[in-house]
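The following pair of complexes shares a single chain, chain A, combined with chain B in the former and chain C in the latter.
After this line comes the complex of A and B, so read on.
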């Protein structure tokens, strides 16, 4: 399967969706990211791996400017999306986040019904004009997140009443309902059991057809299973960034080798 | 005297505690792990049973002695004054006790002197008897505890059982007090209804409140006890107060929790809480002396006729008083909404306003509702501000510029007025009971609302 994906990837001409150049992030005086250069390809799953505290989540949150909401966080360098600087003054982070969706580590459904959870994004962005369209968007998103069958009879029940795995799929449905171009996932399976994890991985693979997905994960197997590109973060720097099969079979950096073989990290 | 005796018994119990603890150390002989209970528990057990048994004996002897002394002295007085009324004999007795304690009495005759001497003797016997018996019982039980100190003795389980009993007794006292208050309210209310010939409808729906002007031969005029103006006044002032307090308090809470920088919050939140610490009597004269004349002048300058005591002045100041309750409680619940929900909303491209309105506030709603209902309870029960600023005349109006009166104001007027307490108490208790029912209903409603939303949101 990986070989097939490699071939597929090589055959397709791919543009850079996001280009990060010399990105530094400071929390107060503490430098969390020390000059990262990464290109995120369109319609590709990119995995960020690395030991805890290495800055992969922080870097992920730079891509949709979620770090703006944290006091004392400062970012330098350049992040281009489709060639435009997302930190330019003319860019409204609110509009950026509508294009760059995010799924969090812990499922965080809103205290609303399942329907309203999914309809939240389309409603605030005015993506639909009438109830019928909204119904359709909700159904489509829930279907794509592979939770429609479980949720269709209880759309008016609170999203918080679902199980952990269902909640996370609901959060993915919520994120894709806004029709983003990039989907950021911050350890989306860390709170889930293997069955729910498998469902979500399948889903990520499916989502690749529509947008680029960036996933932070602690599970090496997961990175190998779902991603085409992998970046290994260590102490705020990217040690190695390459095609996933290469990272996992023939890494160039000895630190990457140590980390993926479990000798270190 | 009894207080000192009680302290002595407790002191003895402390001694047994130290002894039992030492004995436990001795029994363990250096290897404390052999003991079922740690030495401290042996001490605690000895202390608890000695103190409880000793002070219980003390109390029984004291109360029983008091009854016995009264009976003995009354029979002495009855022998001396066979024709006197019971109330005259009681006067003699209280005079004699006053004499014995060196206070002033109404008369000072031979009988009173003799009774006083007898009282001094008996009283001495009572105090010493109580102390002696208390000490004996405490020593017996404490000694029993000392003898039972052994490796296998379950002192921890026993003392925990006793402590649990003490905790339960405290809970029972709290519950019984509540029941007692409610029962006394109910009985006074029933006797008031009896005085108005069971015309409860006149009380609930009548519009004329002047209860003390219609008293004759122990009966009241049902046409003058209509409570509607009072409840209308309370209602009006509460609405004005909540119109001031809910928006300001809630918006302040939202600002403090989601917009203010840490420094602003560190200064502003304690300031708001100081507002809660201002005594209501200060708010009262602030309302009466500053706000009411201001409203009157402003009203006159735009051609409105404003009474010098107005529902508006009292309501606005009461609202200011309630702001910190609502803002502080709402701020807490808004802060308790997990950051992950906010992140989730921001991550979908929602603005701060959208996030607060559609995610944070719904999640915090149960807490906000209970904060508002707590505020309403405060407003309904608030007294000082309305006494000073709202007026006393029972005036049925919904015009906030006129003087109105509230339930609490009328209770104050009835109880502090110069009418005989037994007459004034009836309507006062009835108003109090009605107020109690209203706040109770409000609280139950609040709890239910909160529970309903909690099921939905947790």
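After this line comes the complex of A and C, so read on.
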């Protein structure tokens, strides 16, 4: 039994979804990311861990150009998705973000109904042509985010009326409604109780059959539980990037060792 | 480098201190069991049997502390390897204690018979086993992989001594059937020493695993067992 689980832990899909090459990010004069090379595999959960201020969230936000909106933020290097440069002039960041969804630390449902929260993306991107299709997308997304049973009888009630864990799952439903290829999660469970956390983790495990998931987390146990690949960030650099079981049992880099064993923070 | 949470370090050190205590005790019991065989001292043998209980208690203490530490602090990487190894080493040392106790029990039986010629060979084998155990425990404390691997490789010498003793004891018992009872006890004592040698190599493997994060492998040089083929 353990063998099967361990085998599953190994990343099975070796195709690169995203390739980052020599990525530098500057906030004004301050260099936040100092030359990062990382390959994000398709249909795999990749965890970014590291102490606060190490650049893991900044790097995550590069992957769907969320940093574009920050004044004075400058990015050099290359980020390729399926071989195409996502920072090319021809790329529309809004279209990119439909393909690269994001879930944030604090649940942030729109002040709209549960239904409209999920329907919003498919509507503005014109992914559906009629009400029946939209209903189907909403139901499917809510089901995949494991919140359908709790939400199905109150679809017209405001999303903000849900509990924190339910709101977060609603935000995940909203993020997957546009059928993204990559899902970025920036500490998605830090505001949740252990039960809601377990539900989200189960969901992440389920989602990786269809997407690449990249998760930033401060919980090392969470990274160990949900991911197949782990990158350890430290002072704007990737110190070590390897299979998750390797990182947590026998890391190569002494800095990784110190961090995951609680000797550095 | 120490942990940020110092209680974590205290717990880890406590567990390793228990292992050291168990190791010291196992060494001592083995030395005294051998002395009981050599000097035909039944009273000393009785003391060995009584003191083995302390090793059993320590094993339980290590188990409880390690389980608790895993549950409460979720150790990772080398910390995790240190703990898993502590669990396995404590079980190994407990087994060594049992084997020393068994040697002591047999020493009591042997003293009731006349002196056996081969006692000095058994004692020599015992001293080698004892030296191996002592060196591997030092390697554990010092986290010295090279020393641990050296012990691991030298176990073949204990195996060879055992094989030689096995043949000699058989010959001896065939020559004089009155010696069969004592000879059979001696055979078991030799076998126990050979087993202690094997357990010692297991501790070598644990030292290697703690330091390197991978198993030492199983192509250890071994003496060919005798008596298995129809001679």
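Remarks
Here is the rule we go by: the second predicted complex is superposed on the first by the 253 of 265 C-alpha atoms of A that agree within 3 Å, B and C clash if a C-alpha of one lies under 4 Å from a C-alpha of the other, contacts with A are read in each partner's own complex, and residues count from 1 in each chain.
We take it that a residue touches a chain if its C-beta (ideal position, glycine included) is under 8 Å from a C-beta of that chain, and two chains touch if they have at least 3 such contacts.
Quantities reported herein were computed from a predicted structural model and do not represent experimental measurements.
When the two complexes are overlaid on chain A, chain B and chain C sit side by side with no clash. Number of chain A residues touched is higher for B, counting chain B against chain C. In the superposed pair of complexes, A:223 makes contact with neither chain B nor chain C.
In the overlay built on the shared chain, the residue A:262 is in contact with chain C alone; chain B does not reach it.
Contact with neither chain B nor chain C is seen for A:192 once the two complexes are overlaid on the shared chain.
In the superposition on chain A, A:102 contacts chain B only, with no contact to chain C. With chain A as vertex, the superposed Cα centres of chain B and chain C define an angle of 130 degrees, given in steps of 10. Of the two partner chains placed by the overlay, only chain C lies in contact with A:251; chain B stays clear of it. Put simply, chain B and chain C get as close as 33 Å, counting only Cα atoms, in the superposed view. On chain A, the surface touched by chain B in one complex and the surface touched by chain C in the other have no residue in common. Interface of chain C with chain A (complex): residues 1-5, 8, 73-81, 213-214.
Residues 64, 66, 69, 71, 94-99, 101-104, 106, 108-112, 120-121, 124-125, 158, 160, 171, 174-175, 178 of chain A are the ones that touch chain B when the two sit in their complex. Of all the residues in chain A, the ones that touch chain C in their complex are 220-221, 224, 248-251, 256-258, 260-265.
Within the complex formed with chain A, the residues of chain B that make contact are 261-262, 338, 340-351, 354, 358-359, 362-363, 456-458.
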